[in-house]
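Every chain is named by a letter (A, B, C and D) in the order it is written, and numbering of its residues begins at 1.
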Amino acid sequence: MRRLRDEKDMSGCAISGIVSEAGVRFSGEAIMESIAVMHERSSGLGGGFAGYGLYPENADDYALHLMFDEPSAPKKVRAYLDRNWVIVREEPIPTAHADNISTPPVLRRCFVQPKPRMRDRLPAETDDDLMVKTALHINRFIDGAFVFSSGKNMGIFKGVGYPEDIGVFFRLDEYEAHLWLAHGRFPTNTTGWWGGAHPFGLLDWAVVHNGEISSYGINRRYLENFGYYCSLHTDTEVVTYLFDLLIRKQALPLEAACRVLAPPFWSEIATMDARARMMARTLRIVYGGALLNGPFSILVGSTDGMVALNDRTKLRPMVAARADDRLYIASEEAAIRAVCPDPETLWHAEGGVPIVGEVKEGAHASLAHTA
Amino acid sequence: MRPWLIQPEFEIERDLDRCIRCQVCVRQCANDAHEYDSEDDVVSAHSIRCVGCHRCATLCPTDAIRIKQAELDFRSHACWTPSVIRNIYKQAESGGILLSGMGNDRPYRNYWDRMVLNAAQVTNPSIDPLREPMELTTFLGRKPDKVEVAPTRGGLALKTVLAPQLELALPIMFSAMSYGSISLNASLALARAAYEEGTFANSGEGGLHKSIYPYADAMIVQVASGRFGVNVDYLNRSAAVEIKIGQGAKPGIGGHLPGEKVDAAVSETRMIPENSDALSPAPHHDIYSIEDLKQLIYAIKEAIRYAKPVCVKIAAVHNVAAIASGCVRAGADIVAIDGFRGGTGAAPTMIRDNVGIPIELALAAVDERLREEGIRNRASIVVAGGMRCSADVVKAIALGADAVYIGSAALIAMGCHMCQKCYTGKCNWGIATQDPYLTKRLNPEVAERRLRNLLRSWGLEIKEMLGGMGVNAIESLRGNREHLRGVGLSDSELRALGIKQAGVGA
Amino acid sequence: MKRVYAKEAYCLGCRLCEIHCIVTHSKSKKIIKAYRTERDHLVPGMHVEDSGSVSFALQCRHCDDAPCIEACIAGAMQRDSRTGAVVCDEDRCVGCWSCIMVCPAGAVRRGRRGKVVSKCDLCAGEETPACVLHCPNEALHYEER
Amino acid sequence: MKNDDYLILGNSTAAVAAIEAIRAVDCATPITLVSRESWHTYSRPLISYLLAGELDEQRMYYRAPDFYRAHKVTPHLGVTATRIDPENRVVMTDRDQALPFARLLIATGGKAIRPPLEGTDAQGVFTFISWDDIRAIDAWIAACAAGGAPPRAVIVGAGLIGLKALEAFRARDLETVVVEREDRVLPLSLDKQGSALVEQAIENAGAEILCGTCVNRILKDDAGRVTGVAIETGRTIPCELVILATGVAPDTTLVQGTSIKTDRGILIDRRCMTSVDGLYAAGDVAQGMDSLSGASRPLPLFPNAFRQGRVAGTNMAGGQAALGGCFPMNAVEVFGLPVISMGLSTASGDGFTVLDRKNPTAPSYRRVVLRDNRVVGAVFIGDIERAGILTGLMRGRVDVSGIAETLLTDDFGLLSLPADYRKHVVQGEGIEV
């Protein structure tokens, strides 16, 4: 089956995210409830979730969420994985009957560890690099197979349908995570392909996004410069890769990475003090191709927490709230109030200013600067 | 002896009912195409001398003059066209090389006109540049792969030191036009306009006249094969240095400024004897290979203490992508590519019209190649050669250019009428001449204002187009070929340009 | 006061200033008609001096100590109190040419129409004198200095 | 009348210029003006045009009808000052008024020189310097015509006044002969070549000129009416009208016997002050420095009168002004031929270099006299355009070596001059050179 038309995906969407900064795991019910409130923002053509802290028993293994819609695909994937990886555990992803969900693909997950001698490994490559290569290879070259997610102790659940139905289908009320992301999709090109739903994941990055990246063409070519191949033609995909490039590969602090994606205007830079100006200027000059232009609100999940970012002119809605140890971020206030009726603080995200929900354990030093 | 086979190319039509015999035309034509007979009180014309520059028609206070293309006076023939026949007559008469000024005038396919731009509808909002910020600021120079930032207790600390950059208020610069090939007034106007509008002008291989020193911060100084006017002060009195390897109008050909144009001021500026011909060799005689180029680049970088970017300008030829890649690897911070429509003060017509490739294709190839090689950020790409309007600029940027050079458009803004007779030194518009009687026709204040207006109006249009596409920074357009579609192009052309067919979605 | 200043370096010597001066001071103020019907007595109020590659347009300087006002026997040469311009009242001028005799700039000429001198009147208070307005190279400036 | 007032004697160019200059500095202190003539201020050089019928009376007036009121001047017209008492600062008039003053300007002008000839007292003999002269002449012509025939006229002297009178008479169709003692017309202004052109113009206009001969006597009949003139050659020219046009001299009658020093005219310094503090003189009555000859002498010229009046007025009002170089200059059109002369226009010989050029086909002539590479005199006849540039060169004592030859060319202009002088002429800023 053709995965997508060979054209860029454009969609309006609902997004929601909840993180316990204390690292306390909670069931998927809350996120399902939150995203369901924004039913009108989806069209039933895609919904999905990401959870972090799902698999404590396999916390050190890469958890691959895979889908297959070709009978021959699983075998090919298995053969490819065998080149570099030891499969520690493999199982179907449990599902349940859900209204409006039909013809799901084959859904499996496997937990893998790198082989001591990985055949495709280059001298400087890390395990993560190889996992990226693996996931991208499967997505690009193995027909009928698609990697939903490839991080550790996390997973992405998504498919064609309204997000609340997808949640039921994947029995998310039975999982616990300290960070949940959800996405309801309103695509303007209609394809009923489960791989095309969101979140999009790579390693432990999971991205949900509402918007239209008008700079997509150059963002994509910019990433190609660094070896990323964008097979899905989605904004979410480039956002994910950009986070991976900037933070994981180039070791930019989160704050600086957000400055790259949604930089201040030159007129603002001109009014900064010398040190800040030099920083902002350098980032803009070097990372022009990474600037995300056009309307967007994105939520990016990672092992360390969640970051929300609006485009620099704030052309898409995004609301945040805090209560107890939790940070809630959603496209609409109602989606927060549905699960947190009485937040301590509630505010609208500012254009270009990231909001960070940092999970205390194992926090990156970088995140400390943005609070 | 009168060249009797040569017929007028233009007809000067004078409406005698409107002619007031004021003789403005007589006084303004450097080619003596108009003549006043005081006995009969009548102005008459010598059409054979007319070059079609429209000076007379423009200045005629009663609009009594019309310059028309001479009627087709040969039996029509698809192969033996009038221009072909005329050229043969001229050569049979002169025994010399046919010369032309300005750029290739043959009707090759213009790919700018086969590419259309995108605009935002519904799924993303277009942006109104009159209400919202719209950023055209462009930096030319070498960029690192990444920026190193270290978190410290006082915040983030920048560890990366950027290579020198040229900061442009908009991605348009004035291309190389030497003092000598154009008048000092024209050079001054270009320098001042660039300076005032936050962009750059290029000295060409003419040295830097003293009166341009105040605008040196807006000057890219050129080092070409003749090395005219080059010394360490010249290199340092600049914003950047450009090594000129080739020129789009005449790839593989050197330059020749006739001695008549080398007056005292030109002589001083070029550092050559007065009245001597200024001959720029075809190649640099110290660059016979890419390693030699690298040596020169680094020799210059040493001379300017690595404080300014070094640009290498090449003509768009068949393997331009590989050559550009070589230039980047040899240390060029900026690669300027000049397409075959690029202008010139003088070039053999056959070369001008038949050598080199269109800049659109060259640009597409170079940008793609540098990206494939992962070295695109190591150098900026500047393209030149037939950039006619802001849409051409936007398309060039979308194809992958960082900025463009405009030459002919700038000259036209100053009054050039594209008569293509620059090489005669008799430019009636005071641009491509050193004759004091003609140079004063170009008031640099007026020319500067017109150039600034041109830059501003193109800037405004670029902002409108950017806003229409839903982006508010030029870097989001740069190399963003998703915003381009081809119309009426073959598959191979689309492939060469790296763009999709119009009608094909994102 | 505002005067017309010439930038010698940018004067083309096209004489459009003279032509438009004539038209502005003609009866019809229409260029073709003026030249056709009044040609024999049209003299510009200003002149282009021209020699080889050097030329410039010269108008009356409207001197502060205008010698032509001193010399005018008919009281015709006067300073316009509104514009500050030195103007010749053509009804009073008798054509004695004393003004021509004393003008150090040579900016006053004999008119062709009888005994009346021809000189710049700054276009009688127009916002911009015709010569300035029509100079194709902005070699003439009308300004306060 | 308070005794800080201004008193001005005279009502012509110098007086008017002084009044305007005073009012430019001091707009309050009263000015009293005393004039022998009863006319509103008028321009003397226009009288020939009036006589010729080229002007109406309205155009004779030098300033607008409200000139005195607008300048807060109390005019006493038709009143003659009879005595000046410099010590007591008072002027007596023929109306027995005593006009006290603090600052006085004597601008009473010149008087026609009457040659010592027999018969100048005859009826029909006139001078030609005032409106009153013209009225009398006009009346005489009318009377003659009423008696049967218009008068025939003889003009004694072919200087400027004589030729303008001649022109007026020809306009009135009077048969006229001019008699000039010197060998040419306009002898003080023109050299022989220049005069020849003017003479040609006069002859073309149908008048007779007799040069190099003197009038011996004016003949009259028993009724005392003029009948003709007898000239040196023995010839008698019958006529009914004689004009004495042998020149003007300062009219110093009023200051004779006072402490105010005179020579041919009242002596003035560069500030136009006489030998008595607070007393000034200007115009044809005064005698100042000729900057070319270096000698003090009367320069009865219209522009001089204006400039002296202005300088005097400014200084009287407490301002600072001084005369620049003065030298003779004249502009005139005779029978359609414009003539301009300036400075030592007739000079030649030792120390002088003369450049001249005569147009072979048109009545046009130019002569430039140089001394020490500086222009000291010039003649323009016919093509007179830009003659003033030479006035400027003379006034500025500009070294013209190197450009002397261009002074004669047709396209001579500012462009021919050194760039910095050119710039200076157009007031420093005009032309950017």
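What we mean here is this: contacts are C-beta pairs under 8 Å (C-beta built on N, C-alpha and C of every residue); 3 or more make two chains touch, one makes a residue touch a chain.
All values reported here derive from a predicted model rather than from experimental measurement.
> Would you mind checking the shortest number of contact hops between chain A and chain B?
Between chain A and chain B, the shortest chain-hopping route counts 1.
> Taking mean CA positions as centres, which chain lies farthest from chain D?
Most remote chain from chain D, centroid-wise, comes out as A.
> Closest chain to the protein's overall Cα mean, using per-chain Cα means, please.
Closest to the centre of all protein C-alpha atoms: chain B.
> Need the CA-centroid distance for the pair chain A / chain C, whole Å please.
Spacing between the chain centres: roughly 80 Å.
> Please report how many Å separate the Cα centroid of chain A from that of chain D, as a whole number.
Averaging C-alpha atoms per chain gives centres 105 Å apart.
> So how far apart, in whole Å, are chain B and chain D when each is placed at the average of its C-alpha atoms?
That pair's centroid distance is 69 Å.
> For chain B versus chain C, what separation do you get between their C-alpha means, in angstrom?
Here chain B and chain C have centroids separated by 43 Å.
> Two or more other chains in contact with one residue: find those residues in chain C.
In chain C, residues 7, 9 touch at least two other chains, as defined above.
> Would you give the residues of chain D that are in contact with at least 2 other chains, written as numbers and ranges?
none
> Assign the assembly's chain-to-chain touch graph to one of these shapes: line, ring, star, complete, other.
It is a line, because the chains touch in a row without closing up.
> According to the definition already given, which pairs of chains are in contact?
A-B, B-C, C-D
> So in the complex, the part of chain D that touches chain C is made up of which residues?
Per the touch definition, chain D meets chain C at residues 17, 43, 45-46, 49, 54-55, 59, 61-63, 302-303, 306-307, 310, 329-333, 338, 340, 342, 384-389, 391-392, 395-396, 411, 413-416, 425-427, 429-433.
> So in the complex, which bits of chain C are touching chain B?
It comes out as residues 7, 9-16, 19-20, 31-32, 35-36, 52-53, 134, 136-139.
> Name, in rising order, each residue of chain B that touches chain A in their complex.
120, 122-125, 127, 132-133, 135, 137, 139, 143-149, 151, 155-156, 158, 160, 162, 165, 371, 374, 376-377, 398, 469-473, 475-483, 504-506
> Per the contact definition, I'd like the list of chain B residues that touch chain C in the complex.
So the residues of chain B in touch with chain C come to 17-18, 20-24, 27-28, 58-59, 61-62, 435-437, 440-443, 445-446.
> Which of the residues in chain C come into contact with chain D in the complex?
That would be residues 3, 5-9, 47, 49-51, 54-56, 58, 61, 63, 67, 70-71, 73-75, 91-92, 94-106, 108-110, 115, 145 of chain C.
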